[in-house]
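Listed next: structures, encoded as structure tokens.
Below, subunit A partners subunit B and then partners subunit C, in two separate complexes.
Our next item is the complex of A and B:
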């Protein structure tokens, strides 16, 4: 009876009307493209609408997994990850400790450290490309001034060195961003804990290691998930600094996907990389989330 | 006792030094880029780490002229603002229904939006490029904005639904008793109450929309429609010999964001934090 009443039907339909635009856009521009990309990854296609799309089965995946370029791009993603955990995490956590400490001007420092995120990835990438220029950049100039002119190389054109330059610029840009995450964790520690630590004579570095870090565990987990999934997606900063070159040496998987698809017109292979990225991202975040879940239960 | 005070002062001193050092590392590249934008080419080639020998100001007009700097910044501002308005208009009603209505199908809808968070944009590039050519939508801002909205909706709906869910239902009930329908409820009650979270989301979408690169790379080929990231990359790879205007363009591209940051930095901080923790 209630279900057939017209008033119920009216509000029910209205509720559908409210969610419909969002659902439509998500289905058309996110869900359908993923399914379509999966289908394209099983075909060969050159990206021209009138050209034939021909079925090749798993061939694109085999080609991707046997190509040196792909594994090199995965290695670059791993470099991003290593940089994230070895450089970004300690720096961001240190910044968080600073801006939550009892020194003055913490607001100013906090705002300063976060500023690079606002500048736009492309602008940051280009800015640092100039800094790293081997003719007139600040590093070249500095090394020449202290008599180490021989150490000046074209950093962004040397394999492995170039990807590390990009990784470090990425850390420069995102240190403040991750500082916010850690600072939120530190601020959330209740005052009694600080009092208790003080009573027990636990201060300084000891307090950081035995009190603050364990209580910020969740924030480290958030950082890990963001870092690991972010590494697979790194594109803008690499593209702005090196275009993935020379000869794809600094390409991350996302950059390789772009060059394979939109420069070499290998849409099938590009799609295959896209699906691999999607699956890998899902698997890694489920894995990390389960680690969190497990630790929370214990 | 005195010894303790001394060591505390020392510790604080070290903290200050580290804090200032980190701030210096943050600002140095920006300052050097700014200085270089006032140098002649010969002056830049002598080394970036010095004040301009002669301050020149024509790098800026030159960037505006050859790289269409102002136009591309305008394009990006337009796209970013349109994206944030569209995202809020589409996400808020959906979030209201998701947070307040009991229908079963809504669980599926919520799941759909949250699944959207997991999809990296790169897994959709080839298909979206294909869709855009079959609709003849290359160089169309409308299409570009729809895509930006699609990839910001999940976050917007997540934040809005959480916010509305935390509001007291008594307010809704009171409005309902006064004969307030869903539409009015949304416009005259929910929208004003949700202002803080709308501002948070708007800032996140704006940052994204202003500096987005990859979709504008594959969808926009008409150089008068280039967004700022695209125009900058194009400029630096085509005019490799004249550096001054390139520095000027990079600085100009940062100005809108820096103004927003100066005015709203606390809002930006809380917004970025809310966006980061959602995962």
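Our next item is the complex of A and C:
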């Protein structure tokens, strides 16, 4: 029936023509690499173009799941998520409230909040590496000046402390970017809702809790998905500040993926980490969508 | 039904696109082999008398344009392109060691992205490329130009001989050489009543460190943020304690990384670390900061390769007043007094990309680069030991002191981890040694290395 009408047939073929480039790009740049990575994760390969690839089945996955380094990197990803939800989300939301409110200098606030993300990760990473240097960094010098020299430690070389430093720098950097997500939600709230709230005497914090936050739930969902997937694949800021070291103590799964592949030349194991991250990212996104934010859609 | 047909057609389109992606010539080993054979069949080893027209070669290096050597390397490239206008040399220069190594790994993972010439330190990493038939065997070219082969000294042999990895032939063209030495600040030592001539053994050095520390002077300020620093110390102490043969013994696993001998070496480093001799901010400083601290009189000693002599010391008072001097790395066992860490520093390897013109142009570039006049000009601007026999004038007082020490050296080896057939060893050992700066004990250092080896088997 569909093809019996030449009009529909033409429309269908035309639409296919428009769809095909997108499909082809997705297949070449997303689906094929994923399939290839999955296949590679079942093999051993040293990353040299003409070297043989040998089948090892699930061995790479077993090695990854029994590796202390992997679980340490997952813990670091969890620290990133905790930082994301406990620090970044409230700060970004607060900043969004500020720049959408009717106060003066909002343009200045917007520009200054966005400045860190515009600097670029490497610049931010290097800048904070110098600031956190325990010899000549500004924090060390300040602490020594106020008589708290004993509190000066090598922040970026002390396990757990180093990853938290990176997490906090990451939140500092991306607060402005995430502010835009929440600001978009806040400005989309119709004016009459604000008027109705005002008539009901709902102002200030009450208005934020009972009006703005519920109406921005979709923005929180967007933030959550971006945060979870972003934390799993965090690489650049970690690499710029600590290179994942010392001895992999601040490595995230993405850093581990890179080092296993290009330093240790274990492309199979590196691919297995990639597939694990992909599956984990998908599962967590689906869970967030279908469990935590399900009620809202219903 | 028609919907199903449409769905099938769309799926077919997707599969065809996927297969098109899979059918990339670079991932077809059979095609690669035939290409390579074609290139070999066409090979004319007389690269100097070949016609080159619009040939482009890429060289992947660690050259640093900000370093003293940077402009000298650029002169080599420009001089070559001027002499051979049919060849264009493009450079990928990444000065930071880890980034350079990672970048090379990425480029060498696909035949289409491979540079024509790579710089390497030899060892298992390069052996993997050699055994994958990606590196050009230089023997036929040396047969064509025997005088070229004869122009090299023996310092770079370890970078070109892969027979211990099962590869016959000569791979790569060695260029610069080095030896790890102990540099000291004459003023600091004399102010603290230490005679540098008295420092010949490790115990002498530790005694000097004790004296300095007691007087509030920092002996070393090592930059272990760059984990090769303890890596080099570990290699040098091995050669000074057990002789250079230890490299092969560890490489073949005849000696274990958690055995008595190695634990002894880790303990020596730990003892020095615990007494605070090695640095005050080991994991916070990198090797650049380490040198800067030494150059500005903040530490008495610097344990470093001879490339330090060739660096830009303009404006540095200590250097201008000739207050920095070189000593041979102190021995632990007197028997191995003249065994040292050193040898060929870097070699240039022509990559067999399967294109005969590119391979010939690459070999020609290496021949030009290691020709007497070019090396002489390079060494006069950057006084470092080289693997080519040249008599260069000039250099600075420190490089001359270093040259005198090198002249007496009996045996050298490079990074000890590189004698192992597993490529990961250099990272594995260096990372485990870095844990010393995080208070790990000798047993756990050895255990970490052995456990990691098992994980990667």
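Note that in this section the second predicted complex is superposed on the first by the 263 of 298 C-alpha atoms of A that agree within 3 Å, B and C clash if a C-alpha of one lies under 4 Å from a C-alpha of the other, contacts with A are read in each partner's own complex, and residues count from 1 in each chain.
Everything that follows uses one rule, which is that a residue touches a chain if its C-beta (ideal position, glycine included) is under 8 Å from a C-beta of that chain, and two chains touch if they have at least 3 such contacts.
Just so it is clear, the structure is predicted and the values come from calculations on it, not from any experiment.
In the superposition on chain A, contact of A:83 is made with neither subunit B nor subunit C. In the overlay built on the shared chain, the residue A:245 is in contact with subunit C alone; subunit B does not reach it. Residue contacts after overlaying the shared chain place A:270 against subunit B, while subunit C stays out of touching range.
In the superposed model, A:127 lies in contact with subunit B only, and not with subunit C.
Once the two complexes are laid over each other on the shared chain, residue contacts for A:31 go to subunit B and to subunit C alike. Within the superposed three-chain model, A:236 lies in touch with subunit B and out of touch with subunit C [touch as defined at top].
With both complexes placed on chain A, subunit A has more residues touched by B than by the other of subunit B and subunit C. In the superposition on chain A, A:156 makes contact with subunit C only, not with subunit B. Counting contacts by the rule stated earlier, residues 12, 23, 27-28, 31-32, 36, 47, 49, 135, 258, 261-262, 267 of subunit A appear in both its interface with subunit B and its interface with subunit C.
For subunit A in complex with subunit B, the residues that touch the partner chain are 11-12, 14-15, 18-19, 21-23, 25-34, 36-37, 40, 47, 49, 91, 94-95, 98, 101-103, 105, 108-123, 126-131, 135-138, 141-142, 172, 176-177, 180-181, 184, 204, 222, 225-226, 229, 232-233, 235-236, 239-240, 253-254, 257-258, 261-262, 267, 270-271, 273-275, 277-278, 281-282, 285. Residues of subunit C that touch subunit A in their complex: 2-3, 5-6, 10, 13-14, 17-18, 21-22, 26, 29, 32, 98, 101-102, 105-106, 108-111, 114, 128-129, 132-134, 225, 227, 280-281, 283-285, 423-424, 427, 431-432, 434-435, 437-438, 455-456. Listing the residues of subunit B that touch subunit A in their complex gives 11-12, 15-16, 18-19, 22-23, 25-30, 32-33, 36, 44-49, 90-91, 93-94, 96-98, 101, 103, 106, 109, 112-113, 115-116, 118-131, 133-134, 146-147, 149-151, 153-154, 157, 182-183, 186, 207, 210-211, 213-214, 217-218, 228-229, 232-233, 236, 243, 246-247, 250, 253-254, 257-258, 260-261, 265, 268-269, 272-273, 276-277, 279. Taken together, the subunit A residues at the contact with subunit C in this complex read 1-3, 12, 16, 20, 23-24, 27-28, 31-32, 35-36, 46-51, 63, 67, 133-135, 154, 156-157, 159, 243, 245-248, 258-259, 261-267.
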